[in-house]
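Structures given as structure tokens follow.
Consider the two complexes below, in which subunit A is the common component and subunit B and subunit C are the respective partners.
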Partner chain A sequence: MLELQNVNSGYGETQVLHGMNLTAEKGRVLAVLGRNGAGKSTTLKTIMGLLPVRSGTILFDGAQLHGRRPFDVASAGIAYVPETRDIFPSLTVRENLEIAAGRFPPSAGAEAWTLERVLDIFPRLGERMENGGTQLSGGEQQMLAIARALLLNPRLLILDEPTEGLAPIIVKLIHDKLKDLREAGMSMVLVEQNFGFATSLADDVAVVSKGQVVWTGTPGEIRSDTALQHRWLGV
Partner chain B sequence: MDIGFWVFQTLNALQLSMLLFLLSVGLTVIFGLMHFVNLAHGALYAFGAYVAATVAGGLGYWPGFLLAPVLVAAIGLLLYAGLIRRMRKSGPMAQVLVTFGLIFALLDLTRIIWGDLAFGMELPAVLSGRVTIGSVEYPTYRLFIIALGAGVFGALALILGRTQIGAMIRAGVDNDAMASCLGINVERLFFVVFCIGCALAGLAGAIAAPILSVTPDMGLQILIPTLIVVVIGGLGSLKGAITGSLIYGFVQTFGAVLVPNLASVLIYALLAVVLVMRPAGLFPAKG
Partner chain C sequence: MFRLTPVRSGALGLLAALGLYAAFSAEYFGLEILTEIAILSMLVIALDMVAGFGGMVSLCHGALLGIGAYAYAGLTTMTGADPFLALLGAVVLTGIAGFLVGAVCAGSQGIYFIMVTLAFGQMAYAFFFESAAFGGDDGIAGVPRLDLSGLGVDLGDSRSFVLFCMILLALVTLFAAHILRSGLGRTLVGLKTNEQRMRALGVRSWRAKAYTFGISGMIAGLAGVLAAQHTMYISPGLLNWTVSGEALVVVILGGLGTLVGPLVGATAFVLIKHEVSALTPYWHLVTGVILIAVVMSGANGIFGFFEAQLERLRNRSKPAVEGKLKQGSVHDA
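And now, the complex of A and B:
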């Protein structure tokens, strides 16, 4: 579904991705693991068009994605939940959701995401609809960021460290909701530091180091291989 | 100093505030949305005044009043397509230099077209009289300016605060990268906002033309007050633009009549105080 071939990218003068090759399959969850600074977030930003691709190709269902602007990438069907959540502070919770709702139609055969549907998943947001976007707790902001992304009716959801800085009970809730989405067939790319969280959600795992994929396999394989975990993740 | 004095000066202050509001709101939202400094905003105001005065000379007041914003928005469109779009990523220093140069280019252009002599603009009969408010007789036209400014503020507040496109603009000011990731074409949004800001500058020129004399350097004269309003109010917000305009209008007007010796430094002193206490201005869009 999504394919990165030999992608080089980075910030300004600093190159972070060095020949990144990554494939995400339709209807599956790909977990991207790696140490801090390995290039995981940079990979997602490059996919979204937030960072320029210096060389290499990014294909989404065969269509060229590299060199396109973020709103083109969004309209191609990729929704992004950034590490910093990026809730708009000047907008209420309702406006944060409405700004995404109805913008893109669902793909053929899929049920459209509506305000009601995302509030069914995250009822807590329903109680905070008229609050300012930044009056929410970290966990609520994460729920809002995921709900907002779903309202774009994406074919692929990419999430950057959705559990970062959250209390265990919220991590569990986010985990269960993402698991429901996965069961419903949502394709996802999940960047995570939380090894247990990521491997219990993923169908496929890619380990990244120094801007390259150094290992791919299944969650079972990496869970049983402590040497691998120690070498690339420091777990 | 009776009550009439206070009413009269308050109305004067409001009238100046509304004129500055029409200019500063475009400038501040353009800056907030795209971090673009358009120093030529004042020159567009002068253009608006000339267009209004010229058209009014031939066709009467209202055609001039209506055509000025449209033509100035068209000039804004040309500036955007020819210059500003290319300058988007070139950093504030280059933008300031180019738009500063633009001031002089546009100033000379108005000189070439209209000459150095001051223009006047006739008022329509319905606006040329005086209205009695209590013990005060006040020019109808100045009340019209106040009402127009308040009306524009109300309309903008409604659009920015209550509509989908307003939410998109606020989202773009908050975080343009994330807004883009939600499928919003922020660049096109900026273009629309830029043209509306230019139209409002043209409108400000059109309403200023009958009360100020229309001269090539009127854009330069208004630029500094407008920038002060934007800095005091805080970048990017409607609330900042209206607050900054009211503060400037009242300090300037009452300063001139109550402490004439200090009037010219008063607003700069206030600016300095605001910059020390609240470096980002009173109501910046990004808190």
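And now, the complex of A and C:
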């Protein structure tokens, strides 16, 4: 579904991705693991067109994605939940959601995401609709960021460390909701530091180091291979 | 995003009441001042839409006002168009001009945005200043007012004209509030806070900016049409960047991004100008000192100051309820 071939990218003069090759399959969850600074978030920003691709190819369902602008990437069907969540502080929860709602039609055969549907998933947001973006807990902000991304009716959801800094009970809640989405057939790319969270959700795992994929396999394989974990993840 | 709080609707009501009282009680000179306030108010509402709500500080709104005025004057005096059609034509034309400026400037930020808008403004100024067809620096005289004799209204009369301007100002204020409460208003807040995020949410940022500038241009154009009808004579001075600068001063003086504040600012500015210039030719010094004091006070303009005070009072009057709400909504996550 999404394919990165030999992608080089980075910030200004600093190159972060060195020939990144990555494939995400339709209807599956790909977890991208790796140490701090390995290039995980950079990969997602590059996919979204927020960072320029210096060379290499990004294909989404066979169509060229590299060199396209962020709103083109979004309209092609990729929704991005950034690590910083980026809730608009001066807007209410409802307005934060409305900013994304109805912008893009659902893909053929898919049911459209509406305010009601995302509130079914995150009823807690329903109780906070008129609260300002700054009056939310970290967990609620994360729910709002995911709900807002879903309203774009994406075919692929990419999430950057959705559990960072959250209480264990909220991590479990986010985990269960993402699992429901996966069971409903949503394709996802998940960047995570939380090894247990990522491997329990993922169908496929890619390990990144120094801007390259150094290992791919299944969650089971990496869970049972402690030498691999120690070498690339330091866990 | 514009929110109509009780404080704001109260302030709007108060301004409307004061305006109406003045319109019916004032003599000729007072009516002239009131007309000036109404026209300046319209211009600064246009400017507040882009600068206050969209974060796009523009130094070409004087030029947009001037384009509206010249389009109206040109259409009526040169082609003999019906003043009503000329008014519509001028508003549409200025809207297109605003859209184009917004579309071109959308890619630049901060100081560069200001400079590009300034360049547009000065280009328009230079064009009308040099253009023989539009009378060069002599401008155009004999601009007619709208003919509303069908409704039994003679706009040649100062009182009728000021009421006409105030009705249009009220409509423009409601229109601007409506736009800023719509999806475009939300998008503007998003673009101002985090443009990258909005782009990743699928927003073509240039288009939202261009539309806003276009709507703002239409309002500035209408202000220009009224300015031309008011003095019945126009000159390139209308397009000078100092007009844009003055409008920016008024918006900041009143309260950036509040929509109500600029109306307060325009009223205060015109009144200060007339009252102080009667006493001393150095009235700019006085407005300058007032502007510095307002900005240094840390409040968002005159209106922002009162709004913050009233909000504080309102919150103090119901601490028990607030406390309960807070307790009920504590989350551990």
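Here is the rule we go by: the second predicted complex is superposed on the first by the 235 of 235 C-alpha atoms of A that agree within 3 Å, B and C clash if a C-alpha of one lies under 4 Å from a C-alpha of the other, contacts with A are read in each partner's own complex, and residues count from 1 in each chain.
The rule is short, and it goes like this: contacts are C-beta pairs under 8 Å (C-beta built on N, C-alpha and C of every residue); 3 or more make two chains touch, one makes a residue touch a chain.
All figures in this text were calculated on a predicted structure; none of them were measured in a lab.
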Clash or fit, subunit B versus subunit C on superposed subunit A: clash
Subunit B versus subunit C as contact partner of A:S90, first or second or both or neither: both
Which superposed partner A:P82 touches (first subunit B, second subunit C, both, neither): both
Partner with the higher number of touched subunit A residues, subunit C or subunit B: C
Which of subunit B and subunit C A:R148 touches, first, second, both or neither: both
Subunit B versus subunit C as contact partner of A:K26, first or second or both or neither: neither
Touched partner set for A:F104, first subunit B, second subunit C, both or neither: both
Touched partner set for A:I170, first subunit B, second subunit C, both or neither: second
First, second, both or neither for A:G138, with subunit B first and subunit C second: second
Partner chain(s) touched by A:F71 [first = subunit B, second = subunit C, both, neither]: both
Intersection of subunit A interface sets (partners subunit B, subunit C): 48, 50, 69-71, 73-75, 80, 82, 86, 88-91, 95, 98-100, 103-104, 148, 152
Subunit C-facing residues of subunit A, complex: 48, 50, 69-71, 73-75, 80, 82, 86, 88-91, 95, 98-100, 103-104, 137-140, 148, 152, 166-167, 169-170
Residues of subunit B defined as touching subunit A within the complex: 164, 167-168, 170-171, 173-175, 177-186, 285-287
Interface residues, subunit C side, partner subunit A - complex: 1, 183, 186-187, 189-190, 193-194, 196-205, 331-333
Residue ranges of subunit A touching subunit B (in the complex, touch as defined): 48, 50, 69-71, 73-75, 80, 82, 86, 88-91, 95, 98-100, 103-104, 148, 152
